[in-house]
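In the two complexes that follow, subunit A is the common piece, with subunit B as its partner first and subunit C second.
What follows is the complex of A and B.
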């Protein structure tokens, strides 16, 4: 007989995430993912000036704030037929790469590493052996015996003070932890280094976006003026600082993140066969080299892969009404046309219809509506979005840069390409694309410097900024690849105001409930057959859900069948 | 330990202003940004910043935080807390509490905790959508601003006294 356990953040935001899983004979037999927080950004935007939408959507999420703003300005530019100058595209790309560098490193060390790294065990490590290990895998200079022994003492003191703090919620000592003590200590040391590192790279956003958090964007370009000798604008000194930040950021990723990722992964090769799920992958593409209209120039190519068949990449069209559709069979919404229709976002509706139990409750009735997330489908298929989708699509499209990093990782770990379709593959893909983003960031930066040297300082096209130049009605779609996956906004403009604005965000693709045909989305599907050694400490569920990088830090309570709290851990829910 | 910290006082409002009362901290920061403040007082709209805010916590000696909390007190209740540890933060801080608690833990582990003074405003719900505050919270905004300014003044004055004491 199966037993249902619940993983639910209680008071958190950014769309609380709740997972209910049925366990039988030590494995997950069935799983349900529910967003229990209502999001109605669509209503806030209706009737507003489209040129202001970026500022509102930038607040939707605390982590990838700038990507929503970027996609929003692209959406309005698409509707109004605005083409931004090359420098604005480059600045957007540099900020984008800095976001990836920040986001993926923080996810790996601060939000996901403790699912694999046992902090308490790290206190037993031999600093000398740790130092030898560190020097054998990387030339990163902080690797002396004294350094690791300092880290160990600092954490020991912290743990002994009773303020376990960040480390209070771990399943320390769980049998699923497989690292030797020295690798645990290495990762713990880098956890601390990454904390200090991450606050540097975000300065790129403050420089180009005027402030951080929530940097400024502009419909038609970017709001930063370039003037090499200009005191207040993007001058030579600031550009040199950006270069320094990007170079240092890249060094950390190449010499710390990637070697750590590979060292940890080598102990968890069995996770190359767990948590795969759907096997369908979707990316819209991003990082244009030659204008957003030239999709072939994207560093992240777009496409769809079905049933793990990487010999064929399907093209994706966000404008076609029969490709991307949102369903509400199991979502707390109602459509004018009833529960069984799918709506393309240009015709999207956002009318809440909560029919779930009154909280607090023990279980959701998953045969009925059970989530505030709608269920998006591509040509009727459930799709996974995110780093793994992007990397697989780049790889399957035969892009050399993707092949290079992927093949090297597979060779180093001595695993077949099929190991990518897994929890381990998802976590590895995030590191590999972070490595690529760091390289590309430098390429974009160098191109920006070349343009400026050639006398091109244009940063915005304001010829269509005045609403009197706009048509009476316009529709647009803007899209991109958020760190967590494919993101798109659709807009309808009427009489210079927003008549409808729909967002389909990565976590909606991944965490949504079943569709009318009973097809699971990515989270639910990825949990099927996952072994759970101790149902009171379901570390394995957390590993797989975290591998998707749900966005905002959320507290999770674990309940047993009777609804009593058995454990408290952290999960991240977008 | 206090290497080159900015001696100015940073007032930081945090929250998600798309979620009604949840954004009370951000709304307060925006009011303060419109006001004439002493030159050694700075204001930041921290939004839903999370780890992005670490730099600010590390670089100022004194940070006055403003945030919403779901603590079942009467909506509009204002409290001033001086948290030393993450566990001193209210249990039910709103959207970003794990982010903020994690950050305080991190600052402690790194040995870089500033002096934090935290104003929390009790709110009733976070399920509310929209960029306006409810009347209960709007009504206490002047009081909240007044209390922040009073604390700021007190902190400035004390620092001045300390400086004189050191100089003589």
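What follows is the complex of A and C.
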């Protein structure tokens, strides 16, 4: 007889997520993932100026901040046939890399680490041994005995105060924690360091976009004009500032994040066989080297992998109506054609229909509808999106940069390639692509300098900024790879206004409820067979859920009923 | 944690500082930096130092409702004080879904422990709006609606901080047609001081500054008639903008990335909402003073103003939405766009504008011409 446990709220994520799991003989037998907050932004967007959409949808998420705005301007540019100047593409890419650097580091240390690191156990560590350990795995300078004893003393005083703040009621002492005390102390010290570090790398967004969170974007390019001879423009001082931030950021990732990731992973190799889930992976690709239309130039290639078969990568087309579809069998919505149809976003419908229990409640009826997330499918398959999908697709496509970092990590940990299909693989992939993003960020920066040196200072194409130049109707799709996975927006413009705006976001792919055929999505599937040592302390559950880096505010949307397809005026190249 | 530890008297700020090996001189320097930061006269420094020597860390419960977590993200961007120091030394952040170690039952238990143990003592921070439509089912946590959670947590809170535009005015989800009836906190919490810290998000150092003010003086900062701390929301972005002289001289960016954009002219004509926005962006800037939207070439979108999503399109110049603009009547501007109380506060600015209005209008018409003249 299984027992149902509920974890709600799942913390250290963006937004509101609830997991219900059935446990039998110390293992999860069945699991249900539910998004419990909705804002209905698509309905709010209707009738607005398409050039404003980036600001609205940017507010979908302040954690993966900027990525919705970026995908939104791509969407409108696709609809209106605007090609942005190369410098604007480069600035967007540099900001994108800065986002990855920030977001993945914060996820690792501040959202995920406490699933692996026992903070209280760090108080038992020997600072001298911690220092030796730190120096053996990295040349990061903050590694003296004094440094680690200061951190330890500070946290000790904090614990002794009796006010444990964010560490209160953690799962300290849980048998699933396997790190030695010195690694716990190392990670705790870097938790605090990373907290201070993260506020620096986002200054790249402030320089180009004016602020972070929620930097500004612009349809047609970027607003930060290059004014190499003016104090107000992007000049040598601003560029030197960006270079400094990117280099320092890369140093932290190479010398702190990656060594810590590998050190911690080496104690948890058993999690290389837990939490794999679906085995189907999807990425749309991103980081164009030669313009967004040139999909072959993307640093992150697109594709789909089925059943863990990395010998074959399938192509993906976001415009084909039989590829990406959304279902509502277990979602609090209703469709005109009934609950069993799947709709491509361009034909989406909108009626929200909460049929769950009246709050306050103890349990959801998971045989019925149980989430505000719809259930997206690619050619009928449930797909996992995110760092692991991107890294596997890059690896399977034979990209050298991916092979280099992946093979090195596998060798260092002495695990087979199949260990990637797991909770540990997901967490490791995030670090590896962060390492790549930091390198690529410098490549894009150097190219920007080269362009300016060669006299190209264009930052925006405003020839189609005036709505009077637009066709009566236009339709577009913009896409990219958010830190949490494949992201796409679809727009339908009529009479210069938004007639329909739709988003299918990474966490909707991963966290959605099951479909009409009973197929689970990634979260639910990955929890099956996970061992749970103490059902009152759900550490193992949040460990796997956190390996996806949930972003719930992103994932809950509502499509409107006007999703009719009109003539497409431009198709992205390939 | 054992009960023994839990009952030990929490150390004061001064004890914390001593424990960390700092001298009283260092401590006073730190206190004066904080005092300077929150804009106090030097004679108040002693008060800051005394307050921190004698108080334990203030318990804080930070709730998340309809939001995007940009406020939490902005808060951790604060550079003075840095967030690690806030969390370890200044406050006891006992509940926040973004950072806390515990999940589920243990998370809720931590919140309830604080609500019981520090009844009437804890600060309640709210990030996000509360959807009131459909009996509140559009935001549920732990099987309860956000409204139920807010009511319970607010009951014994000492003060309430409404972080960001979501909690202060509903922000994007309250934009027309506000399908979930997203409601700001001050409309739901009665009989408690509610400090509104609007912005999408607010500047990190502003958030830290509000916290520092509360724990230092043990009282809420002075608020304007809209409930915002005067320290950060009493000046228009327009009046503190370094590009203001170009506005006064009638020199404008005509379209993005034009020659005037490269020279950093005023962004008024490409939609800057600085003239109707009260915030500290022009003075404090963002991300430890790195930049702010106007400096990076995009107009202010007015994100700290009520209903800013419905106050005209982003790229329409301010004059083309109702109630404000140099073409509009100054009285209309005061009463309609900003409200009578705000107008009183901004009296000086408005009057200045009235006087300048004719000049500016002429200059705008002749903008191109003046530019030519300046060039020659």
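Rule of thumb we're sticking to: the second predicted complex is superposed on the first by the 543 of 574 C-alpha atoms of A that agree within 3 Å, B and C clash if a C-alpha of one lies under 4 Å from a C-alpha of the other, contacts with A are read in each partner's own complex, and residues count from 1 in each chain.
Keep in mind that, in the parts below, contacts are C-beta pairs under 8 Å (C-beta built on N, C-alpha and C of every residue); 3 or more make two chains touch, one makes a residue touch a chain.
As the structure is a computational prediction, the values presented were derived from the model and not from experiment.
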Subunit B or subunit C, by number of subunit A residues touched: C
Partner chain(s) touched by A:214 [first = subunit B, second = subunit C, both, neither]: both
Partner chain(s) touched by A:99 [first = subunit B, second = subunit C, both, neither]: neither
Contacts of A:253 with subunit B and subunit C, given as first, second, both or neither: neither
Contacts of A:159 with subunit B and subunit C, given as first, second, both or neither: second
Partner chain(s) touched by A:60 [first = subunit B, second = subunit C, both, neither]: both
Contacts of A:41 with subunit B and subunit C, given as first, second, both or neither: both
First (subunit B), second (subunit C), both or neither touched by A:192: both
Partner chain(s) touched by A:361 [first = subunit B, second = subunit C, both, neither]: second
Footprint overlap on subunit A, where subunit B in one structure and subunit C in the other make contact: 11-14, 37-41, 43-44, 56, 59-63, 65, 106, 110, 154-155, 158, 163, 165-166, 192, 195-196, 198-199, 202-203, 212-214, 553
Touching residues on subunit C, where the partner in the complex is subunit A: 1, 5-11, 16, 19-20, 56-57, 59, 64-74, 76-79, 82-84, 87-88, 91-94, 96-110, 113, 131, 134-145, 148, 171-173, 175-180, 182, 200-201, 204, 243, 255-258, 261-264, 281, 286-288, 290-298, 301, 303, 309, 313-315
Residues of subunit A defined as touching subunit B within the complex: 11-14, 37-41, 43-44, 56, 59-63, 65, 106, 110, 154-155, 158, 163, 165-166, 192, 195-196, 198-199, 202-203, 212-214, 552-555, 570
In the complex with subunit C, residue positions of subunit A that touch it: 6-16, 18, 36-41, 43-44, 48-49, 51-52, 55-56, 59-63, 65, 106, 110-111, 114, 119, 153-155, 157-171, 192, 195-196, 198-199, 202-203, 205-216, 218, 220-227, 230-233, 241, 354, 356, 358-362, 372, 457-460, 462, 465, 536-538, 542, 553, 558
Contact footprint of subunit A on subunit B as seen in their complex: 16-19, 22, 45-55, 58, 70, 85-87, 92, 94-99, 102, 104-106, 108-110, 126-127, 129-131
